[in-house]
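Chain naming follows the written order as A, B, C and D, and within any one chain the residues start at number 1.
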Amino acid sequence: MHTALRAALLATLAAAPLAAVPCLARAAELDIPVLVPITGFLAVEGASQRNGAVLALRKPPAGITIKSSVIDTGTSPEVAVNALERALSDGAVAAAVAPMLGTQMLALLPVAEENKVPLITISGTAAITQKHNPYIFRFFPGDDVAKAAQVRYAIDHFKIAHPAILYQTTAYGQSGHAEILARLKEAAITPVYEDGLDVAVKDLAPSLAKARAAGADSLLLQLHGGPTALLMKAVAASGWKVAIIAGSGLTQPATTALLEPGELAGACAETSASPESRETPAMAAFVDAYRAAFDATPDGFALAQYDATNMVLAAAAQGARTAADITKALATMQYDGLAMRYRSDGTGNMAHSAVIVCYDGASRVPRVAWHFDKTP
Amino acid sequence: MLLEIENCFVSYGQIAALRGVSLGVPAGGAVALLGANGAGKSTLMRTIIGLLRPRAGRIRFAGTDITALPAASRARLGLGYCPEGRRVFPGLSIRDNLLVACWAGRAERARRLEQMFTLFPALGERPGANAWQLSGGQQQMLAIGRSLMNAPRLLLLDEPSLGLSPRLTEEVLGRIPQIVASGTAVLLAEQNAARALSVCGHGSVLRLGELVLAGPAAELAASPDIRRAFLGG
Amino acid sequence: MRRPLPLLLLAIGAIYGAWAIAHGSPYTLRVLSVAGIYALLALGYLMIFGQAGALALSSGTFMGIGAYAAGIAAARYGIGFDLALPLAVGLPVLLAALVAIPVLRLQTHYFALATLIISQIALLVATEWVGLTGGANGIGGIGGLTLAGFPIRAGWQSLALVWSAVAVGGWLAARMTGGLAGAGFAVMRADGATARAIGLDTDALRFAAFLASAAYGGFAGALYVHTIRVVSPDVLGFPVMVTCLTIAVVGGRRRVAGAIGGAVLVTLLPEWFRALRDYYLLAYGAILLAVIVLLPEGITEAAETLLARLLRPAPAPLPPALPVPPIAVTRGPLLEIDALTRSFGGLRALDDVSLRLAPGEVLGLIGPNGSGKTTLLNCVTGLYRPDAGRIRFLGADITRLPTHAIARAGLARTFQTVSLVAEMSALDNVAIAVEAASVGLLRALGGTGPQFTRARGIARTLLEAAGAAEVAQLPAGSLAYGIRRRVEIARALALRPRLLLLDEPAAGLNETEQADLAARLRDLAQGGLALLVIEHNMPFLLPLADRMICLDHGRVIASGSPAEIQSDPLVIEAYLGRGAA
Amino acid sequence: MDLGQIVFNLLALGAAYALVALGFVLILNATGAVNFAQGDLVMAGGFAAVSFASMLDWPGVLLLPLVMAGLALVGVAVALVAYLPLRRRPPESVFISTIAVGIIAQNAATLGFGAQARAAPPLLPGGDGPGQKLAIILVAAALIGALYVMFMHTQTGRRLRATAQDRDIAAAIGIRVDAMVIATFAVAASLAGAAGLLLANLFFVTPVDGANYILKAYIAVTIGGWGSIAGAVTGALLIALFEVLWPALPLLLPGLDAISGAFSQTMSTIALDIVILLLLMLRPQGLFGQAARSRA
C-alpha cells in the first residue's frame, strides 16, 4: 500500500536532518529568550512566567529593541538544556528567562556558566543559589524567606503549637517542607503529623482525618495549586475548623477559581506579592495591563518575572548591552520593582521579602495581611 | 445452480493458489471437494465466503453476483461457513456461539437453538459451557451448528474430520445426509475421500489449484484415477 | 554485502555527523549527543523487546539507575564518568538479575505490568530517599564527561564519545542479534514451546537479553547524567520508557539500524517543529501518528523492503553438505514411564499411566480426542510437570528436567500443528536445532559464524534425507503442508535423538505423502531410533506400529499388538466406533 | 472518619476508575490492541464537561449524556485514524498510534483550555457532600451494569465479543467487523467521557491527567486478568482500596499508630505495588484470567 507515499516519507525523513537548525545572528538588539514550561505539570506557573516576561519585554527602554522568543522547556532537565542551547545558538543572548522548576535550573547552571549568560528565574528551590554560580539571579523569595514568613505568621498570628504539614513529593514540595521543618525547629515546635502527597493523589480525606486525629491545630501546606484547592475542598467538606497557612499555590487565581469564597474563608498563604490585591496604583495598573494582554489575572509568579525582566531592561537602559554587562549589573544594582526592592545578596538571591495574604470568605481576592522582610 | 464459480483465480502474493476453477453446487445438493493438502480446497472455501478475493473470475450465488461483496453480506445472503480447524469463539458459551450467528428474530433464534440441540445432543447437555472447554469433536459439532444457525441455503464444510478420532469422524460426517435432507445444500472439503463421496451426490477433485475431475459420486468412487490418488487402491 | 541498508544508513550517518561537527551549533551537537544516548538505550531494548519478544517496561528504569549510580558517584565522591562506569552498568544488571527470578517467567502483559511496578517502586525510592538521591530536586553540579582522566568537552568531543559508544554498542548488538543467537531468538518468538523442544534454553536466552538491556540502559544512563549534568527522578519516569518504546516501534523493533535511526528521529522530531511555537507538540503527535500509520513496521524495515525491491538481492549460497554425526546405539529400556498422573483443575488428564519403550521400537498411541495423548507427550518432553509418577530416559530420571535439557538428552518431538518459523528458511529452521546447545548471548559475542555454517551443512544433509533438499532456501512459511512436515521431522532429527515423539504426523497428508512418510519412519526405526506416534489415521498407523496403546479419560484401556488393539472391545467402544469393527 | 465514610469514598473513586478500566478492556477485547489514549479520553471527557457546563447551566447528570455522546464521536475518530489503518499489524503499532493520539489530545487541551485545573459541575445541583458521592457510585454502577447486560445478554454484545475473538470468522457469520470495532471505540470513549465528568467534579481536570489514568487502567486490567471485564472492575476497586483505605487504617485500628509511617500516602502506593507483585507471583494470569484457553 501507498508505496509512493512511503517512499516520499522515507526520503523526507532522510533529508530532514540536513534542513535543521539554520542560524542567522543579528547583533543590533538585546536577545532575551524566554525559556519556561508551557507544557506539563508546571504549565500554569510557566504561563505566568511567560506572560510576566513578555509583558515587560513589550516596553523596552528607549533606543533598545528586543529580540525574544518563547521556548517550551517541558518538565525534564534534558528539554530545558536543549532549549537554552538552542537559544544560545540563535545569537548573542543577553539574559535568559529561565524556568521555575528547580531540577531544570540545576541542569541549566553549568550551561549558563560555560556560556557566561545570566539566568533570571523565579524558582524557589534553595539549592540553585547554593552552587556559587555567578550567573543565577532569583527574583522570587527563596524557601528560606517564604517559608520563614509562612511559619512566622502561623506562630505569631494563629498561635499554632501543633501543626500538621502536608507537602507535595515534588521538588517544590520537598524543598519547602525541609525549610518549614527547620523554621519550626527554631521555634521549638514539633509537627504532630506530616505526609508527602504525590500530585496524582486523589482522595485527601484520610490524610486530613489523620492530621485531625493527631490533634493538629493548624495545617501548613506546601502543595501545588490544584492539590491545594482539593485539600481546601476536603477541609471544608469535613467541617473541621482548622487554621490553614498555605504555600503560594493557593494564591494563584487559577487555584482560587476552583473554590467557593466560603471554602477559602480564614485561610492565609505566603507569596512574593499579591498583584490582584492592588496594594499600590502601579500594581493595579500592572494588573489591568496584564488582563488586557492575556485575558487572565496575574499572580505572584507573573509579577516576579515581570519585575525580573524589567530589572534587566533597567540595566540595559543604563548602558548594559552584553551578557557580561547585564550579569555585572544584576549582581550590583538595586532595583525597585512593583513587588519589592530587589538586590543580590551575593549568591544571586534578589528577593528578600514576602507577603502573607488572607481570604475573608466573601471574595476570591485576598487582602495582604503582612509584609515580611528578611533581615540580613 | 445455487452456487456458480466461474474461472476463479486466487493467489497469495506471487504464489497462485487457484487457477481458473469453475464449479457449481445445485440447490439441495451435496458436492464433495477432494484433493491433497495444498490443492486449494480451503482457498476455494475462503474465496466463496469472501475471506479471500479472486484476482479474476466470478462467483454467483442464487442468481446474484457476489464477487465483490464482503464476507458479512454473503453470510447474510444465505452462505454458511464452517472453517477448517473449527475456530469456535473460545470465550463464548455454546449457546452464545450459536446465537451470535443467527440474524433472525428472537423467537426464531430460540427455535433454531433447540433445533441444533436436537441435531447435536452433546451440545445441549451444557449450553453454558465455554467453547474452549469442549473436546475437539464437540467443537467441530459446535462449528457446524454455528454455520447452520442462519438457516443457510448453502453450507461450506471445510475438513470437518481433521484431527477427530475415527468414531467422531463417523459421527460428524454421518450428520451430513440429515442436513442435506433438510434442504440445505452442502459443499464438503474432505481428506477422507471414500467417506466424503459416500455422503455426497457429486464430487470434484482439485489438484495444484486446478479442477481436474468432476462427476457423480458413485462414478468417482469407482474411478481408477481417484482410487490411486486417494483411496490407496 | 547482502544487507545494503546498514551500509546506506552508515553513509548517511557519517555525512550528517561530519556536517554537524563542521557546521553544527553547540545545540545541534548536544541534541545529537542526546539522540546517541537514546540510541544506546534503544539498543538494549532491542534485545529484550525486539529479539526476546518480551514487552519490558523497565528499560527506562535501568537507564535511570545507571544515571543515579554515576551521578551520586560524581556528586558525592568525585568519581568521574569512566571510573563510575562499572557501577553504572553493574547496578542495573544486578537489579535485573534479582528481579528476573520472580518476574521473567511471567507472560506478555503480566510481565509488562511487573516491570512497570518495579519501575514505579524505583521512582518512589528515588523521590523519597532524599538523603541519597536529593529527592525530587535531584542532584546537580555533576561534572562533564571524562575519559581516562581527560575531560571531554561538550560539543563535538562529547558527540564523538557518545557515538563511538553507539558504534561499539551497535556492533555488539548486531552480533547478539545475528547468527545463531538471532535465529534462536526468532524460534523463541515464534513459539516458546517449540524452541524448548528443539533444545533451546529459552529461559537463559531471555534472562541474558534482560541483563543485556539493563547493561545498555545503565551505560546510557551514565552518559546521560554527565551530559545533562543533573540527575533527578525525571530520568526514572514513565515518559522515558514511552520514548524508548516509540523509538523501537518507529525505528523497527528488531534491527540495530532501527534502534539507532529511531532514536535520532524521535529525538530530533520535536526539535524540528520548534518554530511552530505552542503547536510544536501537537505537530509532533500528528507526525508520529502519520509515520506509524504509513510505515507500521518501522522506518528501517520499510526501507529494507523498498531496497530489496529495488536491488533484489540474491539468497546466500547453500553451504556444502556435511555428514550428520552418528548416534551411539544403546541397549536396554529407552523410556520408562511409571504411574504418571497429571490434572488440570479437577480434570484428570493423565491417570496412572505406565509404559515402556525399547530402542528401535515403534509404539502407536491412540485414543479419543481429549483422552490425554498430547498431555502425555507434553509431560515426557517437560512442557508439563506431572503431579505424580516418574519418567526415566536411558536410565536417568528426567521427570523434573527442563524441556531443553530433555531435548538435548536425545528426546525429540514434532507438534500437532507444524511449528516452523515462517520467515526463516527451511535450512535455518533445521540448522538452529543442530546447534541449539551453542545458542547464547555470551557465545554470540565471540561470533558464531563458523558454527552456523557447519550447522547449515549438517542441516542440508538432513533435509536431503527427508526429501526436502530443493526447498532449503525458501522461507518455511511458503512451503506446502506436506513439505513442512518433512522439514519439521528433519529438524527433530537434527537433535540426533534416540527417541522421536510424533503428534499426528500424517494429519493433512495425502495417501502418497503418507506412504512416503511411513517408509521414512520405518527406515529410521530400523536404524535404531525409537518412535512414539500419536495418530488417528489407522491405515497409516497399523502397519507402522510394533505395539499400540489406547488411552481413554487419561487411563490406558488397552495395550498390545495392532491386531489385538483393533479387535479390543473397549477400544472399539471408546475410539474406533462400531462401524470400524 | 469512620469506616462507612471511607468505604463510601473508596467506592466513589473505585467506580470512576472502573469506568476508565472498562473502556480500556472493551477495546482490548475487540481489537487485541492497547489503547494508550484511554487516559487522555478521560481528560477530554473532563474538559468536555467543563465546556458544556460553560454553555449550558445544567447539572452534571444532564450533561452526562451530552459528554458521553461527544466522546463517542471522538472514539469513532480514534478508531478511524489510529486503529483501522493498523488493524492487520502487530499490536505494538497501535500502542504508538494511540500514544500519538494522546499527545495530540493533551496539547490540544492545553491550547484550548489552558493548563490550569478546571472543575466539572456536580452531578446533582447543590454542590458537594455525601449525596454527590452516592450519585457517582450509582451512575457508575448503572453504566457498568448496563454494559454487562448489553455485553453478555444481547445479540449486539455477542457480536462484539465474537468480533473480539476471531475477526475473520465473525465476518464469515455475517458480522460487519469494522463497524463493530468502531462501535466498541465509541462505547469505550463514552465510558471514558463519563469517568472524565465524574472525576473532574471530584478531583478537577488538567491536560496532563491522562498519563495517570492510563496507568491506573493498565494496572487494573492486568491485575484483574487481561481481557476480563469483572477483573477490570475488581482491579479498579483494588487500586481505590489502597488509595483510600490503606492510609486510613490507623484511624480504624488505633493499634497501628505505632507504625503510622507505614500508612503514609507514599507507603500506600508501595503497599499496592508489593501486593500486585505478590499477586502476579501467585496468579501469573491475573485474578480473573484463565490459565488455559485451549485443550489438548
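One rule holds for everything that comes next: a contact is a pair of C-beta atoms (placed from the backbone, for glycine too) under 8 Å apart; a residue touches a chain by one contact, two chains touch by 3 or more.
What you see is a predicted model, and the numbers here were worked out from it, not measured in a lab.
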Chain pair with more C-beta contacts, B-C versus A-C: A-C
Chain A and chain C, separation of their C-alpha mean positions in angstrom: 50
Intercentroid distance (Cα basis), chain C paired with chain B, Å: 38
CA centroid of chain A to CA centroid of chain D, Å: 34
Centroid spacing, where centroids are CA-atom means, of chain A and chain B in whole angstrom: 72
Residues within chain C bordering two or more other chains: 128, 239, 278, 281, 370
Multi-chain contact residues (two or more partners), chain D: 106-107, 266, 269, 292, 295
Residues within chain A bordering two or more other chains: 38-39, 169, 196
Pairs of chains, among all present, that meet the touch criterion: A-C, A-D, B-C, B-D, C-D
Residues of chain D that touch chain C when the two form their complex: 81-82, 85-86, 89, 92-93, 95-97, 99-104, 106-108, 111, 211, 215, 218-219, 222-223, 226, 266, 269-270, 273, 276-277, 280-281, 284-286, 292, 295-296
Chain A to chain C touching residues, read off their complex: 2-3, 5-7, 9-10, 13-14, 16-18, 20-21, 23, 38-39, 69-72, 75-78, 81-82, 85-86, 88-89, 102-103, 106-107, 109-110, 114, 125, 127-128, 131, 169-175, 178, 196
Complex interface listing, chain D residues touching chain B: 155, 158-159, 161-162, 165-166, 168-169, 171-177, 290, 292-295
Contact footprint of chain D on chain B as seen in their complex: 49-51, 70-73, 75-76, 81, 83, 87, 89-92, 96, 99-101, 103, 132-136, 146-147, 150
List of chain B residues in touch with chain C within their complex: 15, 36-38, 135-137, 162-171, 191, 229-232
